[in-house]
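Below are two complexes that have chain A in common, paired first with chain B and then with chain C.
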Partner chain A sequence: MAEAEIVAAAPAGRLPSLEATRRTGGTALWIVLFLAPFIALYAGFTLWPLLATVAYSLFDWDGIRPLSHFIGLGNYQKIAADPVFWKAFTNTLIFAVLNTIIKLPPALVLAIVLTRKWLWLKRIFRTVFFVPVILPVSVAGLIFTYLLNPSNGSLNAVLRGVGLVHQPIDLLGHDNTALMALVLISVWQVFGQYLIYWMAALQNVPDDLYEVAEIDGSGEWSKLRHITLPMIRPMAVIITLLALVNALHVFGLVVTLTSGGPGRSTYVMSYFIYTEAFSQIPYKYGYASAAALLFGVLALIFVTTQGFFARKAEILRRAYGV
Partner chain B sequence: MVSSQCSPAIVRRRLPRNVRRNLVAMAILSLIGFVWVYPFLWTISVAFKTQLGAFSAGASLIPHPIELGNFARAWVVAGFGMLFLNTVLYASGATLIELIKSAMCGYVLARYEFPGRTLLYRLVIATLFVPIATVIIPQFLLVERLGLLNTRAGVILALSGGAGALYVLLFTNFFKSVPQELFDAASLDGASFPQTFRLILPLARPIIAVVVIFQFIQAWNDFNVPLVYTIGQPSLQNLAVGMFAFQGAHSLDWTGFAAATVISFVPILIVFFAFQGYFVRGLAGAVKG
Partner chain C sequence: MKGFATPPFLRRLGNLGALGGMFVVMACGGKPAAAPTQTSAQPVTLKISDYSPEQKDFHKQVADQYHTEHPNVTIEWNSIAQAQYNQTMPLAFESHQAPDIFFWKSDLNPVLTMSYLFDQGWIRPLGKEGAVPPDWQKRWPDGMFVEGVNVKGGKVYGFPFTDNKIWGPGYFYWNKSLFKAAGLDENKAPSTWNELAQDCAAIKSKEPDKFCAAVPLKGTDPQRWWFNLAGSIMTDQPFFDLKSGRFDLNDPRLLKAFGYLQSLYKSGYVAPGVNDKDFSRQQVAAGQAAMYMDGAWMPGVWAQQGFDSSKYGVAAMPYPDDAPRGGLAQRYSENKYWLSSQSTHPQEAWELIQWMTQPDGFFAQGYLKGGFGTLAYANNQKYLTDPAMQQVIRVGTTKGFRALDPEPLLKCPDLTKSKALSDASALHPNWEWETITDAIVNNKNFATTAKEVADARQKVLTEELDKEKASGLKVSLDCYTFADWNYNQDFDVSKYTKQ
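Now for the complex of A and B:
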């Protein structure tokens, strides 16, 4: 068979198959077959949509009439002057950064506690912190509209019960608290996911490093500072990146909890794009595409900034020889 | 953590270090844990309350009087069985497609040379973090043109079509790390291309676990895609969208909503509780691989 030839052709190479495969018809066919599903979907649902978004953003288009009213950068000019877009833009940034800062450090602390060998009931506590992740986001949103309800919600009942407030407070109904409330509810919902990420990172620290440290007489705290934290650094970069990008996508909570309100105080990018493109007739596909593209660029900037830190972490990783 | 000089000698003798540590940890974890699961406990208790009882209970968790009709009402009025079926179909369909396409593509990317290999690899990395909001309009138009708008196939396609770049990279890295000797042995035995793949694939179990769990949870909870792709088709909605719609139409039926939430939540909770160890190990293995 083909594989036998491949091995014979390049016995010394690290990937012996590389040059030889092109010559063997059977294998080439299999390569095409194996690539086809991914490439077809990738082209249809990622590459083409990206190009199409660029194209649509240059037209005044409602998605129904033919795509003929070319307006160049007109949509971008309108966006630059659209206060709602900029409000959504800043809200998304604030949301993503606050959300990431608030959820990651406590999740790491908890992950360290939950990976201690001596701890009882690990399984139960892991599940307790993970369950909000499996709750559909819209359901989570609805539950919190009840809990935060100013007239008879639990939060107000508790706060009034212990005498912290006298007037019922409406966290979601005020400009200055609504976004923060969204951030906290989102932290509650996704916390478990990041807990699991951290736990996976901690599991990858080789046990023998700790054993050596114990022989040297290091305490828990010194092991944490000198082994655990440096070792999980590369993973920490990836986790932070995922956390930021996921937070930039916030949509379901906004729809179910605030619909972008009160006023525009919780308007975020994906909600802005959704309302422009799908919920108001006439649909503004062109305009929404321009906004979507700008948003994509924003996400990219986040990635590249992170990439800088990732490279630094990679150097560190090599320095530690793992 | 608990050093010997800060605790009285008698206590130390009576309770081993382990027990003392655990008592402290249990107290703190239970307190935080209670706050964490309070929304769930509240939902469960409301599911058993009467409408009036739910309205006047405040923060209390004990239903009084107990009402069981909420569950029947949620099942019938919300068409809950259908929502549940849709969600299972969407989540498993999207997960299966995602798994197959990314495993096969990752395998070939890792082990074989073909024209455009580097280009494909770079493209996949470059588009790792494209937000769904950026491409949702053309995706929508594509599904519409395929004639799959307002069909289950359309939703599954939209859920699984765009994602997967990350999974391809995970699989590629993993298959690169498989020792060449295994491939050599397979070819000595005369294994064909698909036979070799079938032989190697089970080794990727940690990656498979991660892809399945991530994609399943994500597709199970997705709100954006089903909302856009099933506008005006209640019979095609998933739980996330359907329960939102139910709430819009019956905004006073808190107890029915809570009962629906409880029914929908129990199955996936059991799945997670059973597989959680595998989840963490799988994730750790995936990152290492």
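Now for the complex of A and C:
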């Protein structure tokens, strides 16, 4: 069979095997060449630190002296019995879950609104919502430190001015409100980012599906339920798990707003690791490495889960024929 | 497993990227330390590192002046924030990029700074192999060069920089205009806890929109008030009692100090919020709060914020009305600048140190006039012209205000090799501050958690000391116990019985 015939007989979208083999062989060198920088950086700044962290976690090490005091699983045993670690672990999970639950649905609703053809000033709205994302975390922390301060913060001034409260409320100063306040501030900051993600997902839905639905007489709600939501499901899985994983890394806001307090009510994993590793000399690199590794395992579980759900969602999308 | 040998370059790489890539990355490499050179007229660049960024302008003046006097020497003085500094210095030494002179003070046990640095191999002796001119040592009062603290094997490695009598916590500051507005004598500070509470009541009643006290509670900042209250009734040694050799957060006297602080909070006298020290200081400077307690450095801090010393008063911290007075601790811990083992110009660096420590020299005068602190080798009274700083000196030099604490290291020299106390203190490093803040703002039972903290640390201390003793070190809990000493009396140096 001639090569032209093979190409013609191949299903649309797939290269014939002969062509594929030839091209692959011809470009293998280039692939390796282009991948080399990434592989080198990945090995140096991801793989090696990961392996080093595993090694350090088995030592009682201050990060400076020779790596000589091997203690096996000693750090892990200590961590398992450390209530502060578990407090930080629990807080991190609560933070990540609440943060995700609170930020994603409103961001989706807003993204749907902002992708409507009839809406004016879309770009301005997008910019407004995206501005907090580009603010450094430290600046966001400072803004809210002053905004929420019970002595002279604007929030209390307003609440007292309209007579809603008589005594100043200290959202960051009580153990039952501090974590929630952090969650809300974090949502405020990253909301625009997830708005953009949702908009990107929505723009992937083919317009012709909506056109067909309109011909069939479907309303907006029906289109949302039966077209939009099912079609963006694969992206939704990825966005949700990205949101969760990103929220697990909360650190800057905790440092700038609460320093883990009051007490330990806003201790999160990154802050725990930082405190153990760096707050006093001799540093506890070994112990902090073990905590970091356990934390890494948690994040890995989320990432792995992401793949599973994403595949399931993709199958569903294919079932829709797109 | 003993002697796990990691190739140095791997360990260095590991340092850069460890802990999941979260931590600070610093450039590696650089030239290995060359053999020390002698003084010459060749151009020399001396690098100095510390964490006093507020002194940057002064450091530039020092560098310019020194260059004028020594045209072949250029000083590069690098001052960064403390947290960043503590992380980068180990990496600087690890990558052979250490400065010639550097600032270091151990937070856990300042007195053990030299032995820690010696252990790391970061320092070299001053002068010619540790032999310093006698007239140089005479710049300090007698008894300031102590074996184990800044002298090792007869060689001098460090020198007291900040003085240890005036410098430290123990000072009460008040905003005069708020005192006046409340009908109080603007020139009279409360001298007892009850007087302070009464003044607060007056301020609250006359100035309902203002606050009596600004008490920072964020992170480790509760120490600003805590050391003063603890020193007034017992000791400000950070949570360790040298009379009993015990971690002491649950000592009845400290529980009483806490109870007093909590009572101020409950009475609504304290500005609300878990604020940091900068915020609290600004509240006093801005006239939102009347009282603040902190250290001798406040006049310098407030001068930078434009809060003139005529607008506030300085006094000793108030004492409890119905309990014996405690004492603030005077320690052998003010050795701060060290000569780096990696310096390629140790002779020039040593000459610079001698120049810096001239009692009437350019450095001392500029440092004192800048209000950055009090120096151990200079006439502070002469050059600290700020009225508030003059008052700080008067308070600080009052007899009994600060007493010389016993030094366990002088009783048990093997403590330089011991990690027991530092391991015990490093167990959740900020635990005491977190407990204090939590109990205050959430109105929790402090005694129970205080006991939990003290017991946990004591357990580590005792166990580690036992292990070290079994390994041959002459250390025990007795090294940390000075039962005959009183908190507000100088410890009699002749009472050290070495173990």
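Keep this in mind: the second predicted complex is superposed on the first by the 285 of 322 C-alpha atoms of A that agree within 3 Å, B and C clash if a C-alpha of one lies under 4 Å from a C-alpha of the other, contacts with A are read in each partner's own complex, and residues count from 1 in each chain.
The working rule: contacts are C-beta pairs under 8 Å (C-beta built on N, C-alpha and C of every residue); 3 or more make two chains touch, one makes a residue touch a chain.
For clarity, every value in this text was computed on a predicted model and none was experimentally measured.
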{"item": "Most chain A residues touched (candidates chain B, chain C)", "value": "B"}
{"item": "Which superposed partner A:P206 touches (first chain B, second chain C, both, neither)", "value": "neither"}
{"item": "Chain B versus chain C as contact partner of A:A288, first or second or both or neither", "value": "both"}
{"item": "First, second, both or neither for A:F45, with chain B first and chain C second", "value": "both"}
{"item": "Touched partner set for A:P168, first chain B, second chain C, both or neither", "value": "second"}
{"item": "Touching partner for A:L119 - first (chain B), second (chain C), both, neither", "value": "first"}
{"item": "First (chain B), second (chain C), both or neither touched by A:V84", "value": "second"}
{"item": "Touching partner for A:I134 - first (chain B), second (chain C), both, neither", "value": "first"}
{"item": "Which of chain B and chain C A:I273 touches, first, second, both or neither", "value": "both"}
{"item": "Which of chain B and chain C A:G263 touches, first, second, both or neither", "value": "second"}
{"item": "Intersection of chain A interface sets (partners chain B, chain C)", "value": "44-46, 48-50, 52-53, 56, 63, 152, 270, 273-274, 277-278, 285, 288-289, 292-293, 295-296"}
{"item": "Touch list for chain A against partner chain B, complex", "value": "1-4, 6-7, 14-19, 21-22, 26-28, 30-31, 34-35, 37-39, 41-42, 44-50, 52-53, 56, 63, 113, 116, 118-121, 123, 125-144, 146-147, 152, 154-155, 157-158, 161, 188, 191, 196-197, 199-201, 203-204, 220, 235, 238, 241, 245, 248-249, 251-252, 255-256, 269-270, 273-274, 277-278, 285, 288-289, 292-293, 295-296, 299-300, 302-303"}
{"item": "Touching residues on chain C, where the partner in the complex is chain A", "value": "1-6, 11, 13-23, 83, 86-87, 90, 93-94, 106-108, 116, 119-120, 211, 217-219, 271-276, 279, 283, 288, 419, 422, 425-426, 428-430, 434-435, 437-439, 441-442, 444"}
{"item": "Touching residues on chain A, where the partner in the complex is chain C", "value": "44-46, 48-50, 52-53, 55-56, 59, 63-70, 84, 145, 149-152, 168, 170, 172-175, 258-265, 270, 273-285, 288-289, 292-293, 295-296"}
{"item": "Residues of chain B touching chain A in the complex", "value": "1, 18, 21-22, 25-26, 29, 33, 36-40, 42-43, 46, 55-59, 97, 100-102, 104-105, 107-108, 111-114, 120, 123-124, 127-142, 157-158, 160-162, 164-165, 168, 180, 183-184, 186-188, 190-194, 196-197, 217, 220-221, 223-224, 227-228, 231, 238-241, 243-244, 247, 254, 257, 261, 264-265, 268-269, 272-273, 276-277, 279-281, 283-284, 286-288"}
